[in-house]
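Paired with subunit B in one complex and with subunit C in the other, subunit A is shared by the two complexes that follow.
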Partner chain A sequence: MRASGIEVLFLGSNFARLVEGLWVTVRISLLAVLLSLLLGILFGLFMTLQNPIARAVSRVYLEFIRIMPQLVLLFIAYFGVTRAFGWNWDAEFSAVLVFTLWGTAEMGDLVRGALKSIPQHQYDSAYALGMNRRQTFLYIIIPQTLRRLLPPTINLTTRMIKTTSLVVLIGITEVLKVGKQIIDVNRFQYPTASLWVYGAVFVLYFLACWPISLLAKYLEKRWR
Partner chain B sequence: MKYSTIIKKIAALSLSAVLAVGALTACSGSGSDTANGSNAGEKNNATYRTVDEIKQSGKVIIGVFSDKAPFGYVDENGSYQGYDVYFAERIAKDLGVEVEYVSTDPASRVEYAATGKVDIILANFTVTEERAEKVDFALPYMKVKLGVVSPDTAVVRSIDDLKDKTLIVVKGTTAETYFEKNEPDVKLQKYDEYADAYNALLQGRGDAFSTDNTEVLAWALVNPGYTVGIDALGNADTIAPAVQKGNTSLLNWLNDEIKSLGNENFFHADYDATLASVYGAAANPDSLVVEGGVVD
Partner chain C sequence: MADEDRIMLEIAGLKKKFGEDVILDGVDLTINKGEVVVMLGSSGCGKSTLLRCINGLESFDEGSIRIDGEEIVSGSKAMTHLSQKIGMVFQSYDLFPHRNILDNITLAPVKVQRRAKEDARAQAEQLLRRVGLWEKRKAYPRELSGGQKQRVAIVRALCMNPEIMLFDEVTAALDPEMVREVLDVMLELAQGGMTMLIVTHEMGFARAVADRIVFLDEGKILENLPAETFFNNPSTQRAKDFLQTFEFKKH
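So, the complex of A and B:
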């Protein structure tokens, strides 16, 4: 009866369920990442405005998101909103919303940092060469900014993918939860199954994050 | 110039409005542990569905555990099973509707019922005073006491044995509240999931693990080297379905259902179908099962 536990992975439809769980993870995180990248760039530009109101607003937004644990934000978006307004948002919608709000804030700060890190003489030289504002941004500033943005953006993306494991608390069964379900059902017959199931979950997360690292490597080479 | 500052001001206002909303909900949403301070929240939003509305929609939404065998779990084919689920299936059948399960965790059960995100919580939900302030409990269908399991090499037989030792508990369970309230000297090590808590015990991260006695008895049965040193701690707690506060229609329906199921000894059948094989001959179903909502 007692075996190594690896067979647990292949009992019934267990493996298919794990892959399905991974798809939930990937679906939520990629949607949130894409939205965060787009909105984050806009927010980053907004943050560099000299206007004091714009600064105050972006400061408050960034600090709020940064200080609040993602779990609290999830609970606010899923349970809090229903309590306060009676809006019954779908769990996946709440998850994408929270991760997008978080991603936008962090991405915005990365964009701001990357823009600020381009020295003033780059602008001055471009203007001296007779470029206008648009050309300066398009040919001088943005290419350099993108290159600086790449590593931190990849970090943020993979971090977001892994943090989506928190969505179990608002009832979404993603890959880690499926793993825990499998471990739990088999905890009496196969006490060592957890090792194999967590191992499989590790491999699945790796498969989700690795292509992103490869993409980053490729882009870094291309933009050199 | 003027135009762009107006735009910026509008953007600023809407952003701060969003933030204010966030702050407001934070008070009622996550601060719910302290007191039911959300004065407006609970009455304004009758998000619950009455029995008629559930029947009309053709679907009852029930929050169960998905990783707490043998009460609520998902088998290798992906379908929900267990003592709670057996009851949930019967509720759906008697309502004449399909059942939709929502996977809940110990820490989120209260919120699910309190916000009406699910019609019924059937997740091994122990009745406590704090919880009864936020949700409405129906009649009980099970009763438990706490148990403490520990390695044979250092069996914990009484609370005194736990002095200066580390006790593993799962967050949001009765064991956590019991030890926090009654035994503040015992060091607690908390985990989110049963699976993690058991691993912690197996790896020796704590000296003992406490949760419902049924659960530790079943676990000790198949894990040689571990003994349940304390098998009946605390008051006999009852386990009951919970609905959103104020949902009297569904609450009354559930109470009638539990009473009438008592006539056919439904929960003994439930026990035989789901728990008997796990607890073996060692356990007496009458120490666990509550029929017709009557606790003796």
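So, the complex of A and C:
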């Protein structure tokens, strides 16, 4: 019987290597996502300041990050900085740095938008009930902001996880790279390897992002 | 009882500008405890701004406001303490959308006044029953009609045990058939002895509920009369013209 080629996934340590590759992806993106969420909230608050300098700074930062393709940012951090300043950042550090810079900008803009979308009369009625600024934010504004933030934040998180596949190009061996290696090695014995390996990579990405979607669904339901 | 003890709200020489626009131009107004005062005037005459100054949401440029002898200073630390004495209900039903009805009402008594949860709940139950909405306690604001939301907003303010209630056109955004249920609650409150300052365009209601009518025009108080006198025999032409706009005659 002719083999379908799916066995290529289980040759030697192939599968374990793919999972390990996925772990690299997940590690980089989770770290970047967590940092982005924290810094993004601060950046979002910073963006709501009336101060013209704060506005100009955040605007330039946001536009710069948005205009630059992530790949270019990665190259600048990994190759450019080494050339220019002699700082020898390793690839994974560069990746986390770049994705955090990107995520912080995007997250900050989401936070700013969500904060702005809370109508003034929510503040007024809280103050009218005798709440001070801290209580107003803690009990009224932040809970509503978080609810509005949830869908776009999940979207951003999954986008960041998927975009980390770019780190192949600065030499990090993540799940896609491992897949490519497996395909290349088995090119002659298993001509259909690419289908199975990329299929497996697809499933692995799905498994990485799906729990996040589930969590979001659960929270949205709970918070309604 | 000395005269001073009877005074709930005392406004003297209040001036407020937005840039070049003079919104309040020297307002003097005294409201005694238990008195119900309705403030009338065309839109843009400064009624809402006056209410917002009274509970510290808006700062003002000159003059003074005293509640029960204590001076109002917008944004001050003492203000959060003072604004607990002042209940306010706004035109836009401004319930907190992320909390159910009961939580909307008990949040401030528990967090601001540090009262026991059971205590706040018991009072909320009593008030909600009074306005016929106890069954809705677990519902969220979006599940309620405008009139129901506005009644909850009144209950929420009352649960802080305020000494004076301010109403800023609370029926203006309601469907006509829901206006009544809200006004009835306010009428009952007035009969119960609550000190109230009401801004409204419901003339019939104003007549029924008010001890006194204050007529505001271009930031100044033009009339300050007992309700019957104002409606039957206003002293200024401006007030006469204003009242005319509410009358319809077949030509």
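Definition applied: the second predicted complex is superposed on the first by the 221 of 224 C-alpha atoms of A that agree within 3 Å, B and C clash if a C-alpha of one lies under 4 Å from a C-alpha of the other, contacts with A are read in each partner's own complex, and residues count from 1 in each chain.
FYI, a contact is a pair of C-beta atoms (placed from the backbone, for glycine too) under 8 Å apart; a residue touches a chain by one contact, two chains touch by 3 or more.
Bear in mind the structure is a predicted one, so any value in this text is a computation, not a measurement.
**Student:** Overlay done on subunit A, so just call it for subunit B and subunit C: clash or fit.
**Tutor:** Here the two partners, once superposed via subunit A, fit next to each other without clashing.
**Student:** By residue count, is subunit A touched more by subunit B or by subunit C?
**Tutor:** Greater contact footprint in residues on subunit A: B.
**Student:** Vertex at subunit A, arms to subunit B and subunit C: angle between C-alpha centres to the nearest 10°?
**Tutor:** Rounded to the nearest ten degrees, it is 160.
**Student:** Considering only touches as defined above, state whether A:139 meets subunit B (first), subunit C (second), both or neither.
**Tutor:** So A:139 only meets subunit C here.
**Student:** First (subunit B), second (subunit C), both or neither: which does A:45 touch?
**Tutor:** A:45 contacts neither subunit B nor subunit C.
**Student:** Once the shared chain is lined up, is A:128 touching subunit B (first), subunit C (second), both, or neither of them?
**Tutor:** The second partner, subunit C, only.
**Student:** With the two complexes superposed on chain A, say which partner A:53 touches: subunit B (first), subunit C (second), both, or neither.
**Tutor:** first
**Student:** In the overlay, answer first, second, both or neither for which of subunit B and subunit C A:223 touches.
**Tutor:** Second partner only, subunit C.
**Student:** Compute the least Cα distance separating subunit B from subunit C in the superposition and give it as a whole number of Å.
**Tutor:** Between subunit B and subunit C, the shortest C-alpha distance works out to 16 Å.
**Student:** Using the touch definition up top, name the residues of subunit A that touch subunit C in the complex.
**Tutor:** That would be residues 119, 121-122, 124-132, 135, 139-140, 143-144, 147, 223-224 of subunit A.
**Student:** For the complex, which residues does subunit A have touching subunit B?
**Tutor:** Counting only subunit A, the residues touching subunit B are 11-14, 17, 46, 49, 51, 53-54, 56-57, 60-61, 64, 72, 75-76, 78-86, 88, 168-171, 173, 177, 180-185, 187-189, 191, 194.
**Student:** Which residues of subunit B touch subunit A once you look at their complex with the stated criterion?
**Tutor:** 5, 8-9, 11-12, 15-16, 19, 21-22, 24-26, 28-30, 38, 41-42, 44-45, 47, 63, 66-69, 73-78, 102-105, 107-108, 111-112, 114-117, 193-195, 198-199, 202, 218-219, 221-223, 278
**Student:** Which residues of subunit C touch subunit A in the complex?
**Tutor:** Listed in rising order, the residues are 55-57, 80-81, 83-84, 86-88, 90, 92, 94-98, 107-108, 111-113, 140, 153, 156-157, 160.
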